[in-house]
Amino acid sequence: MEVKVKDPSLAGEGRLKIEWAEAHMPVLMELRRRYQDKKPLRGYRISAALHVTKETAVLIRTLKAWGAEVSLVPSNPLSTQDDVAAALADEGIAVRAWRGMNEQEYFEAIREAARSSPDVVVDDGADLHVTLHEEMPSVAKNVIGGNEETTTGVIRLKALEASGRLLYPVIAVNNALTKYLFDNRYGTGQSALDGVLRATNVLLAGKRLVVAGYGWVGRGIAIRARGMGARVIVTEVDPIRALEAVMDGFDVMSMDEAAPLGDIFITATGDKDVIRKEHMLKMKDGAILANAGHFNVEVSVTDLESIAKSKREIRPNTVEYVLPDGRRLYLLAEGRLVNLVAAEGHPSEVMDMSFANQALSVLYHINNRGRLQPKVYDVPLEQDQEVARLKLRTMGINIDELTPEQQEYLRSWK
Amino acid sequence: MEVKVKDPSLAGEGRLKIEWAEAHMPVLMELRRRYQDKKPLRGYRISAALHVTKETAVLIRTLKAWGAEVSLVPSNPLSTQDDVAAALADEGIAVRAWRGMNEQEYFEAIREAARSSPDVVVDDGADLHVTLHEEMPSVAKNVIGGNEETTTGVIRLKALEASGRLLYPVIAVNNALTKYLFDNRYGTGQSALDGVLRATNVLLAGKRLVVAGYGWVGRGIAIRARGMGARVIVTEVDPIRALEAVMDGFDVMSMDEAAPLGDIFITATGDKDVIRKEHMLKMKDGAILANAGHFNVEVSVTDLESIAKSKREIRPNTVEYVLPDGRRLYLLAEGRLVNLVAAEGHPSEVMDMSFANQALSVLYHINNRGRLQPKVYDVPLEQDQEVARLKLRTMGINIDELTPEQQEYLRSWK
Amino acid sequence: MEVKVKDPSLAGEGRLKIEWAEAHMPVLMELRRRYQDKKPLRGYRISAALHVTKETAVLIRTLKAWGAEVSLVPSNPLSTQDDVAAALADEGIAVRAWRGMNEQEYFEAIREAARSSPDVVVDDGADLHVTLHEEMPSVAKNVIGGNEETTTGVIRLKALEASGRLLYPVIAVNNALTKYLFDNRYGTGQSALDGVLRATNVLLAGKRLVVAGYGWVGRGIAIRARGMGARVIVTEVDPIRALEAVMDGFDVMSMDEAAPLGDIFITATGDKDVIRKEHMLKMKDGAILANAGHFNVEVSVTDLESIAKSKREIRPNTVEYVLPDGRRLYLLAEGRLVNLVAAEGHPSEVMDMSFANQALSVLYHINNRGRLQPKVYDVPLEQDQEVARLKLRTMGINIDELTPEQQEYLRSWK
Amino acid sequence: MEVKVKDPSLAGEGRLKIEWAEAHMPVLMELRRRYQDKKPLRGYRISAALHVTKETAVLIRTLKAWGAEVSLVPSNPLSTQDDVAAALADEGIAVRAWRGMNEQEYFEAIREAARSSPDVVVDDGADLHVTLHEEMPSVAKNVIGGNEETTTGVIRLKALEASGRLLYPVIAVNNALTKYLFDNRYGTGQSALDGVLRATNVLLAGKRLVVAGYGWVGRGIAIRARGMGARVIVTEVDPIRALEAVMDGFDVMSMDEAAPLGDIFITATGDKDVIRKEHMLKMKDGAILANAGHFNVEVSVTDLESIAKSKREIRPNTVEYVLPDGRRLYLLAEGRLVNLVAAEGHPSEVMDMSFANQALSVLYHINNRGRLQPKVYDVPLEQDQEVARLKLRTMGINIDELTPEQQEYLRSWK
């Protein structure tokens, strides 16, 4: 694959970023050290389509340290950090990535990564997997195995599997407990509030903060917002989750009731139009609207545009909409993921566990070559536990182990 | 079934207790009102083996209000509230229960309940189910359906099912989300601390409180103990749960490390010998040991007895053990469930949801007569949600409903 | 003074209680050990009027261990623990106390304590101080010094001082930081909730708990109630405190607005009629009313009696009042201090610091004999800090000390 | 005074910032509206030396709206927001301020402000007050009154007062409860963590965060850090505060013990060398050091420079120091106030209350002309309460008022 980055001279800056990430990804670094002498990936080619960020660079460096030949392309045309791409290119990784690729350039890069006849495919969103299956089945047939980082990608691959057309085994890294239990609560929980603060610098203490959705992300935000002194209201459509929110000490009500009370609204539902015209029309002057869900449809920007008589950017990532009666609503990050746009997305520590699962899943494919079916597999529980165990160890934390008598007791009881 | 209670003159006292429970079981009371005119259980016989407590009385009164003829026997020879039993007997329920039955009397009562040819069987621990299957299969064959309240009972019934010998459909009320998500975190979480306070009256603020196990019970205790000002340490054997505990802000370490630090220890693991000799020998003078797990094996009382040179009850439910070097350890409630022995067990509000599921599951059997297999079924999700919805309504809380467009969006995305 | 207790045979039981208290009063015990060989109080007579409880017994034993001759009478006719009184009498303390003294007996005991010509007077509420000044000025003139435990007592003594009639120096133990900062927040904060739980066994999670007053007691309750999962509302009359409550994340509103929302109300204001007829008439069926303030006037029992059409005790310490429209309100502990009546008052750990200040203040009087004026003094800051330092040490906690350079820096800056 | 700003063309940008601040300073805006028709400051000249920020602009606009003629100069040569200065100049305020003034230019501006013969002087740090007293006593003699925003300034003015040389009455706005109770806990408490996140993007959940000092700032940080999932350690030199920290549920230890445990350290003590060589040498690889106290002496940068073998800026506001053994320590914001340097300082909502006190204190001087002595006065309690009341009102919060009977009760009791 032909290397192409925006500006090779940014490599020095990129290296600094990668080193900072390495300092905060101790699990992956420990794994790198553990296998770098044995080089278990020597002779294997890996194609990765991932957000080209400092954390991804730590994964790529690890795969290289284990002996692999790695090609890297973006999984999103807008998320590439050009300095990181330059640094990786400078270290001999086959990178083809720059911020602001157009769609054609993006898919051309994906195709390049596919053409390099990978033994293992690491993907985020399944564009690379799908391209291999649809455009280059002969290449796909020789793939030993693949990984998938996201919910969306897993859904696409399960559809392929269900139709009987999946050509190699895939490990759903997304489903690792050490990924999804941690990403959403701890990662997005923190970074969504961080995004709101960077965009607005408002005081959270005493504010009414409305969290829409009490899934993992919503819980993470609600608990942290309370911890910062906000008075938190939760909205939900699922009565069982709603009841959990109440029992956890949050006020719960309909969005219709919350609309006139909230100072800050953060959506995290996975659904669209959670905050819409009818709610906006009831809001207080100065209300702030942000989204922490995957797509920018949770706050209806269309509705907001339709009812506002004017708008202007009053701070970076903060647009003021003036309603006909003069009230002002503030939309952050255009309704897109506020933690990615207005802050820096997941802290490296969160990606550490996710990418440790990626690296171990690559190894798993190699070690189990020929023993897996062309199916979508969950991460093996032992691997998941090993990641947690390593994380604890890097934090200097010991935990108990069951004695033989205790194991026996548990077995006998069941 | 011949009615037999300890002392019929306690009926007045029992009625007061039941009324207090009714005031705190709004879901079940709402359900009682909803169906009491239609009498959907008219003509049906129900045999129930349950702890004869004020909350159970609210369930029994509800089943009667719906038209059923009910027999009630205990599910444990020690848990009967004699005044409640007297009140129910006085209201015409066939009760055969008194505190301190011997084993023979207990099983005789179970058999009596079985002999009354029930249409529906409500059980807690499966002694009644098993007796019907083993001793009176001809009666069992005519049973329309059964409910089971506990994990233990469900395990026994699944074994029956697996061996092909289950004779009627059983609903595992235990598995309702509105039961197990709420019982453990909110019910035991509160009442275990309540038990420690009633037994000892120690100040929690500033104390090092060690919670063994970070399952639902452990989480409930840990969060509440922190909320009372304690400094909480969690021990775990599962690395993923241990990591969650750290990320939730708790100190995590091995019991060996926690032993010399803790002021108060509460076990909630489901395993035995979680606190044993080697730990006790390291503890501080004055350390307090309590158990919130089901069986009295989590704190090894045997070990404690073996190393102590003397013991005495220093407060009700608090026994002081003096070690050879003079240090004193305090064992609460003999290592049995501290929330049941030293406090009052689950608040009525928690039993409300569990028993609403019981009542609705009885109706479900009647309404689906002939449509269910002799299997162990989970509570239908709609019923589970209905219980949560009713609970929210009785708290005066409204939640959102998905618009048709939102439902469509969710469908399309998957 | 003639010893008189209810029943000397209770001494064994009383000793157990005292030993339990000693195990939880490490500061006072450390002080006892520190001076018991030197016997600094040898030859001095101390008269104490204090609640005759197990914690007081630990103080009395300490004063005796230091060599003093001690007389003990109650500071309240209802608070005596008869077993503790019996134990002290058995150990040679001149005790004259039994639960349920009438007023004449109570003041006769106070007079007896006054008549014994004390060198130091330890009081709680100032009845003994006032009796000495008003009835036996010639005895009072020979008193070296006195201590006062309560706010009320300090106010009375300051009035005496202002009128120029105070006859000996008094240390306001009540004003020690290690007393009032800790008693109210940590002691009453915990025990008030404990009282509510013992009286009602309601689930706190999800409940709307209204705290009237955001002083130290109110803060202690509010924070702990939130920590148990309650949704907390604060009412206040001071706008600055009200704003602090909001910024601390609590909902704040008028009692009028809170009345129809609350499930549980706890008053802690120091004022009367905080919850009155107009509020009661708006409350929800089942609302629970409790008081954690000093006097039983915060919840207007008069108003409640006047609007109820019937009442009955439904649980110990819980009286149900039925309003004309059928709604039921539950008053705990007759509106008296719920933590004293329905629970056990301050945990021993809290009294530990207060009574360590008492003991050290007695020593201070002896050591500074002739150097103090007949004034009301605050506890010397060094003594206050010494108590805190000892408490930290007994918890195994080390703190930093300023280096000479740091001390110099702080001095130079001011 | 001659107007001078960096770049008048920045006025548009500055106006946007000011409007954003106005939207978050409702108390000051309400006061502006209340008096803008009466113009109570018409004919008065005000000289203000304040940080030239968007919040200050809201104060200046308010004084102008009340009729005053205002001159504004900086209180610090580095804190001027040039766009805000341009906007104010454009609106006819006499501004002389640009970012990066040298010391001569700074004091020249101060002198200019003094020379304009102010009726009221508003100052932050007392440079303007001192210049008036030392260089222009004849001008000072005609000043009606002055305000002072900071602790440092108040100390300087009290020294002037003590020496008998204070020439006009000064209100210590700094001492308003609605300033210092709120600034430190809620303002710095939030913004210090915000600064750490912007500088590092680390995950707080599970981290050991060491807070040095448990004053208002330290408490604010500790509570919020816990609320974000960190495991918090507090260090203190005052045993009483240390004990409060323990009772509030924090781990407390010496810095020596905390050094090897902490992942993140934040100082807030007011003293120097709180973290010094001996501590740094024990820290973990990757430890992060930040300061939230006024001066950059709390983390000894000198010590860090002396033991490091190399340093480099690895992220904006984050400098990596490598120790001889390879361990890396990260110093944020060069040890200066992390909330000002790496984040945006106090949110506008916090300055709202402080500046409402400034505005009302200006009015107070005018309204009490001739009635005040040349002394340092605290803010009148009624004014302090009025600010809190207004803040509550702008949040839509009602609080109770004492009934006449309640007032009588409180009076009678004392």
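For reference, chains read A, B, C and D in written order, and residue numbers begin at 1 within each chain.
Following the convention adopted for this analysis, a contact is a pair of C-beta atoms (placed from the backbone, for glycine too) under 8 Å apart; a residue touches a chain by one contact, two chains touch by 3 or more.
All of these numbers come straight from a predicted model, not from anything done at the bench.
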What is the graph distance from subunit A to subunit C, where chains are linked when they touch?
1
Using the contact definition given at the top, which chains are in touch with both subunit B and subunit D?
A, C
Name the chain whose C-alpha centroid is most distant from the C-alpha centroid of subunit A.
C
Mean-CA-position distance for subunit D and subunit C (Å):
39
Could you grab the centroid distance between subunit A and subunit D? Build each centroid from C-alpha atoms only and quote it in angstrom.
38
Got the subunit D residues that touch at least 2 other chains?
186, 205-206, 226, 229, 243, 246-247, 395
Complex contacts: residues of subunit D adjacent to subunit B:
205-206, 226, 229-231, 243, 246-251
Under the stated contact criterion, what part of subunit A meets subunit D in this complex?
16-17, 19-20, 23-24, 186-187, 189-190, 194, 197-198, 201-206, 223-224, 226-229, 285-286, 312, 314-315, 318, 328, 343-344, 347-350, 395
Name, in rising order, each residue of subunit C that touches subunit D in their complex.
155, 177-178, 181-182, 185-186, 235-240, 242-244, 246-247, 252-257, 270-274, 297, 384-386, 388-389, 391-392, 395, 397-403, 405-406, 409-410, 413-414
